[in-house]
Amino acid sequence: MTPRKWDKVATTMLYLISGFIIVVLAFLLLYILISGLPHVTWKFITGRSSSFAAGGGIGIQLFNSLYLLILSMLISIPLSLGAGIYLSEYAPKNWLTDLIRNMIEILSSLPSVVVGLFGFLVFSINMKLGFSILSGALALTVFNLPLLTRKVEDSLQAVHYTQREAGYALGLSRWETVTHVVVPAALPGILTGMILGAGRVFGEAAALIYTAGQSSPPLDFSNWNPTYIASPLNPLRSAETLAVHIWKINSEGIIPDASAVSAGSSAILILFVLLFNFAARYFGNKLYRHLTGARERG
Amino acid sequence: MKKKWLYLLGLPALTLMLTACEFKQTGQSITAVGSSALQPLVEAAGDEFTKENSGEFINVQGGGSGTGLSQIQSGSVEIGNSDLYASQKSGIDASKLVDHKVAVVGVTPVINPKLKLTNLSIAELAKIFSGDITNWQQLGGPDQTIVVINRAQGSGTRDTFERWVMKGQTSMQAQEQDSTGMVRQIVASTPGAISYMAFPYVDKTIKTIKVDGVSPTSANVTTNKWQIWSYEHMYTNGQPTGLTKRFMAYVLSDKIQQKVVAEMGYIPVNDMKVSRTLKGKVAKINS
Amino acid sequence: MEKYDRSQRYLKELDDGQHEIALSTDDLHVSYGTKEAIHGVSLAFERFKITALIGASGSGKSTYLRSLNRMNDNIFGTKVTGKIMYRGLDVNSNDIDVYEMRKHIGMVFQQPNPFAKSIYDNITFAPKRHGERRKAALDEMVETTLKQAGLWEQVKDDLHQSALALSGGQQQRLCIARAIAMQPDILLLDEPASVLDPISTATVEDTLLQLKEHYTIIIVTHNMQQAGRISDYTAFFHLGDALEYDETRKIFTRPKIKATEDYVSGHFG
Amino acid sequence: MKNDEIRASLLKRSRATKNERFGKILTGLCIAIILTVVLAIFYFVASKGLATFFKDKVNLWKFLTGTVWNPGTTDAQGNPQVGALPMIVGSFGVTFLAAIVATPFAIGAAVFMTEISPKVGKKVLQPVIELLVGIPSVVYGFIGLSVVVPFVRRTFGGSGFGILSGTFVLFVMILPTVTSMTIDALNAVPRNYREASLALGATRWQTIYKVVLRASTSGIITAVVFGMSRAFGEALAVQMVIGNAMLLPSNLISPASTLTSVLTMGMGNSVMGTLSNNALWSLALLLLIMPLVFNLIIRRIAKKGAMHR
């Protein structure tokens, strides 16, 4: 065969491979949505789950997932921002910094089961938080921090050094320069990372089984005082999230319509993950355009 | 966006402080942890209980019998659910725990519905699970390999099955699943599969079989004609008090026993015509 | 490249009482790690004059300039020794608050580096951080500095548009405006026109000549014509040493050192 | 007078300096918290996992090479039966196989996106790959169970549960990670390498194969190793399709088990502080050490790559 023919064959192969990946994703999405969406009704989305009878919904699980997500992002965003800033701006370039970076990396490839068990022993038992949203949020923070920190550091590093020099030359401290110049400039990247991280949190189950728990006591949606035990906002109540719910009804569920509920829940979960992805894309682009001024004047 | 995000940095500190100052919540709750088989039952009972007593919550978690027993022993929860007697678990000091037998659960062998088999003897079952019989042909069935699916070690269901069927023999190393749901799914879809599960989980996708001619029914369990059964336990650390005591009484009340327990496929303890010790000593109950 | 005797040098001394010195260095050494980049440079810069630093690439002129307001502090592993005298204080010492010092010794860089903010915010950002809150004062500052930088007419209607939407030359003039908004004594410019087209360069040069009335300017440049056009004094750097320092017209017409002569006549560099 | 004021202000600690210290302490605190968490996890897992060897006196070698996992019981000599070899083999099996299957696809997709059609790549393939990362592992497991396992059973026989099914599921799960890191590696190859090659009359494929891929080999290997460490730690999805039999896998379609699957299954059924529980933590320790080893390998490769450049 001539090189030219090889070139043709190889290019075709590459097209096929890329097409294959797209087909795989399309299949995954369609499979989940087609098998799940028929079960999704308004009653299903808002209804209360049942422990043994058919016809349960996922309302509380959905609320729990969102609340847990917000709580864990509230803890992990500031921490990862701080840590990312430290690594990118302050950390001296030496073996110690490398070691720290390495350790954070290792944390990121830790199996989430181990994170869950760690969270169970430390947050639920030692800190006496029990099976609660708060322990779950902390466990998810542990699970999510390494990736967020890394994303923050990468985004900050992507901001050109001259931006920092501009700040220093105006008599601003490194901290002022970072917080007011570098972070805003890196915001599109950081935001994308955060939203994608949120998607990961949303779908995580293994780390939550032993921390946020796998049951949802009935909630009183008329009482929003976070100190009331059945208040949806109470951070010390146990909370089964959507992903945990899927896991539970697949493993120990005795509800007769388990497969329908889990298919429906998976579909909802996927829809949210899709939503997060598009949100990340949309806001990232919008912010980028806003900051660089590449937009029409309005 | 200017500077506000800076305040975000203060939030974790705030959160930690909130937890540190003994976040006082109104309302009362107890936590029951353990056996995932018992979880739906206690959850349902807890729901009913809360409906009748507003502001009082029963927090029910799974995690397995081992978790339940170690948590109740360490005192971090109020109730530990277990499929096993506490004394059966190594590392548990059973003397400090108070056993509340809240239900009885029967365990039945189940097979893939395509198999025509309807009856097996205890001895045959034991041979299948120890690996001595490997093909259905040996039992008069079709020429098909037997796919044995076991439960995870330490599972209460497996313990019950091994205690009354294997009688001390060790099972062969086979596929293990840590949840009944998975077992059911696999048995339903795998030709030639056999496993066992608690009565409440049995549905149309799989097929139960008689053992020594006895059908797996609740009635047969109450008389010990069907021998593969066990008690479901809720352990408390010392005699229960307060909310825990009331809840335990509630679970044992006829309302829960006859309605919820029976409806879910468990057997109410009050229905039992016999009692049986861990060692297998059976005694008649005179009611 | 020809080898030159580095001990042979002529550095004009300005501290004779007739010139007002804004800034001076005494035996300034700069090293990165184990490598020394500047080998003891002593120069004095006259107030309200433009001094040009010329020399080939790698001659150390930029490194020297960046040491003057301690920008090299931020580069890990850099060491600066020797004195930098400003208002009778050695600013190259730990007693000096480096951020405070940079307010008085401003800097404009080779690459235009406006913040990813609006034009208005680019100028007012630092003064606001330093405590100026009055809107009227800030508005006035934006107008004056943009006028001084020769940018006002072009952007006065777009003050709240992103600075990144400006052209390169406009961005660089915005950076100059931003630097003088701090009302520094001294303005350091590191090849400010090297990435600009000739027209923008000319505008920037005009700007500098006007600024001279209020600021002491030290500018690094590759462009000999530029040095000749705008500067009052010129220092010639070679391999980490300042070899000749004199009035610009003398440097360009009758250099005292052979190396300078070769350089300005285009024999190397 | 003004001169004196300026001199005084230069000698004083300015607001910016205080501000700087504040920032440094604040961010330092954040990193300290993260470090504490990391160290705490290491300590926790290590102290529990090592107890098997120090407290319960299990022979490390027997732990790594034994084939019978039955922590509750003892063998004829009275030694506890904690042989982790079946799980170790299972874990490495699925990990390597998934990596082997995923690598050509990842490289193919990455080459497509960087060399062939960056536009389509950025618009279509990139979002697709990011979406794949976002799909929760429970969902992957769910699909694995209802699609992959029956498929394997019909095509290859057996029960459908086993390393092969695990490989298929993990393949899709690590594909995005490996692909996006490979893209970074390819992008790091200087443009002029390609231009030089094309200018010499090489075809596009020759350029890709002989220049671009050669130059980015170390980056690609890093990507693959990174994907492997992800695969190694994946629990739920694999657990649902691998069959969980603690047997040394003899073929790809018989039920096997991985470290993670045994760990998740057994944890709830054992009592804390007992040997059965500690033995599970020893598995967790193995899981913790493996990414460390993978990481070391990555560093080695990265260093080698840097030297060649």
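Quick notes on this structure:
To keep things simple, chains are lettered A, B, C and D as they appear, and every chain counts its residues starting from 1.
Basically, a contact is a pair of C-beta atoms (placed from the backbone, for glycine too) under 8 Å apart; a residue touches a chain by one contact, two chains touch by 3 or more.
Computed from a predicted structure; not experimentally measured.
When the partners of chain A are compared with those of chain C, the chains appearing in both lists are D. The chain pair sharing the most C-beta contacts is A-D.
Greatest centre-to-centre distance from chain D is found for C, with centres as Cα means.
Central chain (C-alpha centroid nearest the global protein C-alpha centroid): A. Taking each chain's centre as the average of its CA atoms, chain C and chain D sit 50 Å apart. Distance from the chain A centre to the chain D centre is 18 Å, each centre being the mean of its Cα atoms. Distance from the chain B centre to the chain D centre is 35 Å, each centre being the mean of its Cα atoms. The mean-CA centres of chain A and chain B are about 33 angstrom from one another, to the nearest whole unit.
Taken residue by residue, chain C touches two or more other chains at 99-101, 130, whereas all remaining positions touch fewer.
Under the contact definition stated at the top, the residues of chain A that touch 2 or more other chains are 78-79, 81-82, 171-174, 176, 179-180, 184, 210, 250. Within chain D, residues 16-17, 20, 26, 30, 240, 264, 267 each touch two or more of the remaining chains.
Judged by the touch criterion defined above, the protein chains form a pattern that is neither an open path, a ring nor a star, and not fully connected either. Interface note: chains touch in the pairs A-B, A-C, A-D, B-D, C-D. Listing the residues of chain A that touch chain C in their complex gives 92-93, 160, 162-174, 176, 180-181, 184-185, 290-294, 297. The touching residues of chain B, counted against chain D in their complex, run 9, 36, 62-67, 69-70, 73-74, 89-92, 147, 152-155, 170, 173-178, 182, 185-186, 189-190, 193. If you check the complex, the residues on chain D that touch chain A are 16-17, 19-20, 22-24, 26-31, 33-35, 37-41, 44-45, 104-105, 108-109, 111-113, 116, 120-121, 124-125, 127-139, 142-143, 147, 172, 175, 179, 202-206, 208-209, 226, 229-230, 232-236, 240, 260, 263-264, 267, 284, 287-288, 291-292, 294-295, 299.
Of all the residues in chain D, the ones that touch chain C in their complex are 3, 6-7, 9-17, 20. Those residues of chain B whose C-beta lies close enough to touch chain A in the complex are 1-3, 5-6, 8-12, 15, 18-19, 23-29, 31, 33, 36-37, 39-40, 43-44, 46-47, 50, 55, 57-63, 74, 76-77, 178-182, 185, 200-201, 203, 263-265.
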